[in-house]
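Chain nomenclature is as follows: A, B, C and D, assigned in order of appearance, with residue numbering initiated at 1 for each chain independently.
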Amino acid sequence: MSSLPGRDAAAAAGLPEDPQALAELTARVMYENDAASKALGARIESVGPGASAMTMTVRPDMLNGHKTCHGGFIFALADSTFAFACNARNAVTVASGASIDFLAPAYEGDVLTATACESALAGRTGLYDVEVVNQEGKRIALFRGRSYRIKGQVVGA
Amino acid sequence: MSSLPGRDAAAAAGLPEDPQALAELTARVMYENDAASKALGARIESVGPGASAMTMTVRPDMLNGHKTCHGGFIFALADSTFAFACNARNAVTVASGASIDFLAPAYEGDVLTATACESALAGRTGLYDVEVVNQEGKRIALFRGRSYRIKGQVVGA
Amino acid sequence: MSSLPGRDAAAAAGLPEDPQALAELTARVMYENDAASKALGARIESVGPGASAMTMTVRPDMLNGHKTCHGGFIFALADSTFAFACNARNAVTVASGASIDFLAPAYEGDVLTATACESALAGRTGLYDVEVVNQEGKRIALFRGRSYRIKGQVVGA
Amino acid sequence: MSSLPGRDAAAAAGLPEDPQALAELTARVMYENDAASKALGARIESVGPGASAMTMTVRPDMLNGHKTCHGGFIFALADSTFAFACNARNAVTVASGASIDFLAPAYEGDVLTATACESALAGRTGLYDVEVVNQEGKRIALFRGRSYRIKGQVVGA
């Protein structure tokens, strides 16, 4: 953890030293500025250091020609959840790439929940796994994102 | 090509036998029913058997907290382009998964062009590569999608 | 499970009906014929329906120019482990693809353990996650493999 | 190119300034120390800045229980080819991850050729695409590797 600037920087900036409190503050500020997550109707259910969960309801304008949720919107939910997880230590972190496997279709009105956990973190790079399930707990997709920490802080930069 | 039902089925249904004409008809019908691609503002620039190109302008509601285009929307454009390419022979085909590498950020107002080509096709499964560039030709992302052909036709089913 | 031929076929062929016993028999027969896994020095530690664990010691002839274990051999161990997991129901299953993330280097003499679990299985396709750790439990790599069931049985075909 | 230390460092160390000559020298030195590539019987056919091609013959000890080449050995060939391509500017570069899609089986005696090209390079990270074909030019696999440049030079460090 010593390579992560989050905690020291937080203290210096008068930010919370508690990792959980910092994660919550970071998420609040990020979400406020995240027009895309809001446009998706994605909401943060929980956040912590390296973790987060979000929900999104599949709308009519998210359906493809097969009348199932367009994969891009399932990816987008997973990607947002990944972003909140990997930025939760307040160090600005971007996605360098991701892969997704679609396991079952999602339909209009389905409420999707994405849960992200940190599978690896070393130096500037991290690996996050996100599971997307529907309202019945059925797995819709598995996503694996790769993060890259750049300069700067989300809050108090 | 003998394993692909497109041509024979097309003939039987009174659809165009010419692969290019069939691809164009299929795309037109698919797009008509594809609320998601329309909501993204994605437009088909060209389509052919196993290939397609689409454009999308990055809107304010596609920006994340870093003020760059949310990766989910770049993925969505690539995924739509992939879908039009892999359904272009009129056999219903879905995505089983995909990976994306983000090479450079896209900004508000950027006009992104995604170009999909068929890298492999055998039996029911295919592999498609999509390149996303901005209006200056700069590479924004590389996407590789895996397709799975299911029962049915897009047009004349 | 009803779509899987393993159990009925096993009974018909006089094979064990117990899934665990069938997995062990399948693994024994597969390994016997698997020159590559033997050449790698990979050994099966455990196997069950959709799961397996294998170990391999990093030999001098597995080192690249950086004096760390060549990624191909780490991948090969994970890939073998994946193969034993996805064939454990005695239905012949092949890999259609995989991705791997290298988290830490492995060195000569390290004893690597790969553990595979089934993350999804639907129809002919499955998704398996494999974790590779060294003798200290340090994560060396995460691997995700995609399987495709073809015709035939491993044992009693 | 200005962010790459290769050329200046080469000059300072009395190494060739010509990128092609430097790539060839780097490859020669790397291969000399690469026990794994030698054990695979992989040979360099060509190398250049960001590119390389290698061949490998499928041996009996590379076959799995299906009597086809174990995916790990196909991956290993692609991974070696990727390594020679991404180290060809003499800056030490390692793989952070890769994905592979298996398109057709390879059999004993097949001569596989892997060809790597640089699809992206920015800062410390790069993306390389490798195609593996057999002696008839049939595509066996597509591999995409992600590289990360660390400290040091391959030659003249």
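The criterion applied here is as follows: a residue touches a chain if its C-beta (ideal position, glycine included) is under 8 Å from a C-beta of that chain, and two chains touch if they have at least 3 such contacts.
Every value quoted in this text rests on a predicted model; they were computed, and no experiment measured them.
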| item | value |
| --- | --- |
| Third chains touching both subunit C and subunit A | B, D |
| Centroid-based (C-alpha) most distant chain relative to subunit A | D |
| A-D or C-D - the one linked by more C-beta pairs in contact | C-D |
| Chain centre separation in whole Å, for subunit D relative to subunit C (CA means) | 25 |
| Between subunit A and subunit D, centroid-to-centroid distance (C-alpha), Å | 34 |
| Residues of subunit B engaged with two or more neighbouring chains | 96-97, 99, 101, 146 |
| Chain contact topology (line, ring, star, complete or other) | complete |
| In the complex with subunit B, residue positions of subunit D that touch it | 99, 101, 103-104, 119-120, 122, 127, 139, 142, 144, 146 |
| Interfacial residue positions of subunit A with respect to subunit D in the complex | 96-97, 99, 125, 146, 148 |
| Residues of subunit D touching subunit C in the complex | 29-40, 60-67, 69-73, 75-80, 83, 92, 94-102, 154 |
